[in-house]
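Chain nomenclature is as follows: A, B, C, D, E and F, assigned in order of appearance, with residue numbering initiated at 1 for each chain independently.
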Amino acid sequence: MKIKTMYIKDVKPGERVSGSFLVMEKNIAFSQKGSPYLNIRLKDKTGEVDGKIWENAVEWDKVFKKGDVIQAQGGAVSFKNTMQISITGVKKVDDADIDLSEYLPVAKENSDVMFTDLMAFIEKIGIPCLKALLHAFFNDEKITALFKKAPAAKGFHHVYIGGLLEHTLSVVRLLDQVTNHYPGVNSDLLITGGILHDIGKIYEYSYDSIFDYSDQGRLIGHIVIGIEMLDAKIAALEEFPEHLAMELRHLILSHHGTYEFGSPKRPKTLEALIVHFIDDLDAKVNAFQEFIVDSDDDSNWTPFHRLFERFIYKG
Amino acid sequence: MKIKTMYIKDVKPGERVSGSFLVMEKNIAFSQKGSPYLNIRLKDKTGEVDGKIWENAVEWDKVFKKGDVIQAQGGAVSFKNTMQISITGVKKVDDADIDLSEYLPVAKENSDVMFTDLMAFIEKIGIPCLKALLHAFFNDEKITALFKKAPAAKGFHHVYIGGLLEHTLSVVRLLDQVTNHYPGVNSDLLITGGILHDIGKIYEYSYDSIFDYSDQGRLIGHIVIGIEMLDAKIAALEEFPEHLAMELRHLILSHHGTYEFGSPKRPKTLEALIVHFIDDLDAKVNAFQEFIVDSDDDSNWTPFHRLFERFIYKG
Amino acid sequence: MKIKTMYIKDVKPGERVSGSFLVMEKNIAFSQKGSPYLNIRLKDKTGEVDGKIWENAVEWDKVFKKGDVIQAQGGAVSFKNTMQISITGVKKVDDADIDLSEYLPVAKENSDVMFTDLMAFIEKIGIPCLKALLHAFFNDEKITALFKKAPAAKGFHHVYIGGLLEHTLSVVRLLDQVTNHYPGVNSDLLITGGILHDIGKIYEYSYDSIFDYSDQGRLIGHIVIGIEMLDAKIAALEEFPEHLAMELRHLILSHHGTYEFGSPKRPKTLEALIVHFIDDLDAKVNAFQEFIVDSDDDSNWTPFHRLFERFIYKG
Amino acid sequence: MKIKTMYIKDVKPGERVSGSFLVMEKNIAFSQKGSPYLNIRLKDKTGEVDGKIWENAVEWDKVFKKGDVIQAQGGAVSFKNTMQISITGVKKVDDADIDLSEYLPVAKENSDVMFTDLMAFIEKIGIPCLKALLHAFFNDEKITALFKKAPAAKGFHHVYIGGLLEHTLSVVRLLDQVTNHYPGVNSDLLITGGILHDIGKIYEYSYDSIFDYSDQGRLIGHIVIGIEMLDAKIAALEEFPEHLAMELRHLILSHHGTYEFGSPKRPKTLEALIVHFIDDLDAKVNAFQEFIVDSDDDSNWTPFHRLFERFIYKG
Amino acid sequence: MKIKTMYIKDVKPGERVSGSFLVMEKNIAFSQKGSPYLNIRLKDKTGEVDGKIWENAVEWDKVFKKGDVIQAQGGAVSFKNTMQISITGVKKVDDADIDLSEYLPVAKENSDVMFTDLMAFIEKIGIPCLKALLHAFFNDEKITALFKKAPAAKGFHHVYIGGLLEHTLSVVRLLDQVTNHYPGVNSDLLITGGILHDIGKIYEYSYDSIFDYSDQGRLIGHIVIGIEMLDAKIAALEEFPEHLAMELRHLILSHHGTYEFGSPKRPKTLEALIVHFIDDLDAKVNAFQEFIVDSDDDSNWTPFHRLFERFIYKG
Amino acid sequence: MKIKTMYIKDVKPGERVSGSFLVMEKNIAFSQKGSPYLNIRLKDKTGEVDGKIWENAVEWDKVFKKGDVIQAQGGAVSFKNTMQISITGVKKVDDADIDLSEYLPVAKENSDVMFTDLMAFIEKIGIPCLKALLHAFFNDEKITALFKKAPAAKGFHHVYIGGLLEHTLSVVRLLDQVTNHYPGVNSDLLITGGILHDIGKIYEYSYDSIFDYSDQGRLIGHIVIGIEMLDAKIAALEEFPEHLAMELRHLILSHHGTYEFGSPKRPKTLEALIVHFIDDLDAKVNAFQEFIVDSDDDSNWTPFHRLFERFIYKG
């Protein structure tokens, strides 16, 4: 594992640059005189910056591609808000030498800590078959590894390594409070539903470097992938009551609340209704907060948020 | 105050009936031979039942009107699910003699107890002007009296005497948990918003007997009535920071979440977003639960719910 | 098996009635004098008729329930368009003695003939794993038995025993023509998708007597049930290419075309697009035709169709 | 007050430029060699033009900001449709020296003339309390000053100084004709409603230099601001009939016609219905006309209008 | 022509009835003992009333049908709000003897007077070809006769004989005022468009007795029928500028304003925009007014209006 | 007719360019030093390419305009994916010398062949008046010439010379298969409807050079233009049954299926329903296929399709 020695947030205009960065975009362009140059966008966990390769662009273009981590040499030029790196030399970094959490945004809290906190909720579940089901999920090392790493979305909320886990834990903590508030709710079903509601997202995205949808993410989607994962785990258990399986499937299928947001069924049980609301609340609170944090400080308002279709007031 | 001695749930077919009931519907009909009779619908806090006045319908029709409480004499006839009261004599009960909580559905918990619980949240508020504002509201005896009595809706959720208070307290309790969960939320603003979000409903409905909309309920609506009440209370305070007033107004205006549900603004602050979700959650959970309780026991499913546009699964 | 000797379409007013019928509705009502009577709705494959039991209604009410087949004695009374049966005696028929196809509407063509026609399409499929998959489905006797019997809907199109098979065969025949028309379409995938697109409907409805939704029909729905059935069959095959499985899943998931009609994904492949259109065409043509057939002959127009939200012109 | 001596529409390519302009946009950019320059957008009441500061951009950047009026020196360069000003020197103009109507688009008619015309309608009102209310509004100097200056929108119709007044007067003139046309309309209420329907817009926008939304514009909106202003004026009157206040509030609340356009109530009185239609008509006619005027002359069609989602035919 | 001697509004309970009425509904029903009787609904221009034929219903049923005018003998029975006529004898009235305006609601103003007023607008049109076109329309006796008689709708606004003419005249009068208000509007085109916008309605409905849609009303609709009528009249003129024909067609096509209300094009010219708004305003004001007039006097509110989806406030 | 000697797909970077091309876009731009140059977009049937005129831009700008075919001299410069032509000399080509099918995309199959195939369907029609009607259309040389040339859309499906004919033939072939599949369909009406459903498109677009909407395309649209063409042809026939004319009109009017897609009536006959579905299917299959063909080969997915609002999977 190569140690990352320079972070984008620390680069100062006028200084020499020599560090490793993830390539988010790369495309060739031409000056008005027709000479080619490379526009690239570099990223690490501390920020993003534009880069230019002015010389020998065609040759350098073959050395690396979008999604690679590169070791770049050059110099930072910056005026006011806009810093740019003029790159003079590039070397692709081997995958084996990369610690992705240095290049991609990561959840504030450590994944293992969050995972431990989530597992503690499983132990409090009283219905044995639900507890067994959850054990089957998280004793599956492949699932657990991906679950600790996946983002919760490609571009709306919890868009960072560990985001899915952070969102899931947040939802479960809220559900744990809500379940005491409303008598008559099946709290074990509610918590189990909360833990598994987005589990299909571990296969909906690719997040080995740049976050994107996987093929099955676009063709099947995390809701139905989650059902398939649930069916596989239930099938491997010795026994699991059919009516509980059906309610759990329904809860996952309906957690987006309405048809227009991709749920093939709308909530028809109390538990499905509650998981839908808490999931939506947590996603949108995170989206508000992240958007506020990312916006400039010199206005009471964020820029226009494309998905919320509004400006958000920072006060 | 007249003591109510007979409740609808206790009436048995074949027995004599002599008791006081609220008249929900009244209309004259005709048998095929052309003789008039009265169809009425009677209610008390334990249920509803149809009644018929077969003889002298035209005369009895003048004795009382829809919304009155009447003392009725007659006999119960019943087959299977359907009981009916054949009424032979009626006397209108004076308003002064009526304890409405005997005739209308009431919240499970006592209004004074819930009110005390709600007031305790006010005392925990740290921002003095918000606390002063809430005191101004609830030191207003007229507001407090209505607030303890109003339903939260005419026909969807918390449709009973004390329903508005029950809903408000439930929302505030949930907000109190949520506020600890999300750092960066202005908890005093959130709790104040939770307490006041539906305050305009005390004037949106009439609930002296049958629940209905008031004129201003239909023409202005509780959202804007709430703003007007807020403005009046703020104007009477010595000082109140304008930016806080603006955020509080925004929170009330936007708590329905979208234009189509009657909010002239959509949530643009974190606190407004959260109050919207918790309000919606609490209303719909209550609506689900009440609808499940009201449905027959012989099916896994409720009847079709007109507003949710679905059947609800009781499991 | 009891031989059905009298059909509703043959009953003439004024005649004695003695025959077996399916009870579609049953409820108790009261004459204006308060005497109870039973309203029932009787059905066999030739039509429906109202029935009344005027005497001893409370006792008869206990003898049978909605969904039963009864042997009824009585007399037909009829005026112009409206015939009614006055029933004087009833006996419940044992399930073992019932041939449901005598009481429920059935497809015009024989199920076995249609099934043979459909199987012939499987034999023409060239991709071995798809053929193997389809064999796995239809060598499963439970699936085959239900598939021959299920209706295609509860109340829109192909609402009769064998309707699902009839609809599926019709879709496949059309797809077979379309596939020759458009070069570049994967015809094996298209035909396989056509055969399986609604397979989940065998568990979406109950059709042992009166057609209704099953619990999993309402909570999960035939689209996702179909995916689960597909996954189970693929898992049991020795090998099945993942990319083909994914495209087939996508085709089933997206065959309703839009989110608002319950598809969690919209068609993103050519084959999924075509199956969606042909399925929709066939369902709506059948719905038009059945509605026209069921309407009176004395107008150029059908009555208002609730789902199409229009009158249909018969010309 | 400084006299403006040069207008954008009179600037000719090749000439020296020395005049005062409002800065609409300002941002720093970089030539391909990395030298910074300033892009600015200049405006006066006769048009807009791009400007560039090629030399010492970083220093000049500190001298003025977006929204300022500057005295600029330089030269005009122009080819065909596109003229650009190369600026070599800049001085910020003091606010006290600025007559904004020289820099922002203004209504065709003089504000004082329009205001006098509008006031004449008030004198024709017969119901004393409505006349008193309107006097209370327009005897308030702060309101009157803003009302004469405010635009009617930020970017759709009547987007110019005096636009709100022009729109209001136009609506009132049309209402005055309509009221004679339909018997049974309360013409005093109608005219009062027409005058006050958009009064909240004086606080919805900022229009001291560049037009934008105010904070309360985005958080509360002119509809509810208008209600608050109305309530304040009514509270200060000796008496005002509650039912009339309620109808007036309703008229303002509902004048956008539907929920989706931000009205929390839809029109439920004849007067509210009419004001809604006439307001909508006048806004859209103005938007059509302004868009046609602003478009090039060499086509029968305007460019695509983003809000109308169509091209407009000029004939 | 037979003189109508008795009007529904004058019939008093207890009196003999002998008069001619239009039959709106007729169906056979059965008493609980199985004896048939006829339910009918009778109408004249003063109101509607239910009727019953208790004796020999099957025979009487053959004597007349829905839509006929009958001479009925019997007696009025009435209680409170509900009067009913027991009919003992019926004779169908010959079509030749019927003055339909005695049986159907008619416009308040006389058709010939309104028509004269409308024609006066034609004479003020300055563009010769437009004037010629309108003359071509109204010199066509068939068109004129139908245009004076047709209702403007089947069940929303101006639902009475002469309603189309009344609505058209009202729209034209308003347009005449608006055209002076907005400079730059082609007033001749506007008035011509106003006169012809709904002309296709003369073939959209049948109104020889009960108002209903015609076949082409349902299959083609008045918008496109109007285009076809316009094309036919223009083809018969010696010359007519194509661009004007195109704008007039566009105006008719787009006068419903949006796709969802059946316009295949949305307004793209100023004149089309204005006609759309004034047409919509006039239709809805009439609908409000008629609904208010038809509702009971004992409430501030009308009943729920199904198309407006609201209660209307009468004040 | 001038022979085209050089095609865009054959131009290689570094070579001299001397050939004729259609000008799709032309606009003047300025280098940072303020010197003007011309950006143009060139097209022929094999592709598109950008061009620049660096010298004497203002003079060359007057020599030709958008939509012209020019003879251009210059040299190709290309880097990787992007080739550009530096133009040094231009001459406008006379319209008489242009074979547009060299410059615009054309259908794969020859127009005359397709037309012959379509005519063969007419001969199979059994109802004489329908056959006569179709003869009337295609014996009209103006119609036929345009029909062979028109595209089927401006930018969604079959966007090429001959596209309307190709789409029409494809729809008719599919209808011919469907008509055998569903008994009870009027196949002559169906085929006639298929042939004429989009006939109005010959006047909806301009396609003499760059494809665009015509004025009547935007103001009237092909649906109503088609009705007008139909009416004109029917009027010229000796006799044509009115009911058939009405059904044919309805079929054309309703073939977009819903109001929101511009049909003023929705399908109310079986034939209209089928034509709608097959038209929609054929348009969307073509749109999918063309979009897939146009996209790069290095991904399983096309770029985002703006109208379908999705990525399309190529597999």
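Convention: contacts are C-beta pairs under 8 Å (C-beta built on N, C-alpha and C of every residue); 3 or more make two chains touch, one makes a residue touch a chain.
Owing to the predicted nature of the structure, the values given are computational and were not obtained by experimental measurement.
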For subunit E, the least number of touch steps when starting out from subunit B: 1
Other chains in touch with both subunit A and subunit C: B, F
Chain pair showing more contacts of the two, E-F and C-E: E-F
Chain pair equivalent in interface to B-E, over half of contacts matched, among A-B, A-C or D-F: D-F
Mean-CA-position distance for subunit C and subunit B (Å): 43
Rounded Å distance between subunit C and subunit D, as computed from the means of their C-alpha atoms: 61
Per-residue multi-chain contacts in subunit F, two or more chains: 32, 215, 218-219, 247, 250, 268-269, 311, 313
Chain pairs that touch, as defined at the top of this document: A-B, A-C, A-D, A-F, B-C, B-D, B-E, C-E, C-F, D-E, D-F, E-F
For the subunit A and subunit B complex, residues of the former touching the latter: 170, 173-174, 177-178, 181-182, 184, 243, 247, 250, 266, 268-270, 273-274, 277-278, 280-281, 284-285, 288-289, 292, 310-313, 315
Residues on subunit C engaged by subunit E in the complex (per definition of touch): 31, 77, 79-80, 82, 84, 86, 300-301, 311, 313
Subunit D residues within the subunit B interface of the complex: 215-216, 218-221, 223-224, 227-228, 231-232, 246-247, 249-250, 253, 259-265, 268-269
Touch list for subunit A against partner subunit F, complex: 28, 30, 32, 34, 36, 58, 61, 215, 218-219
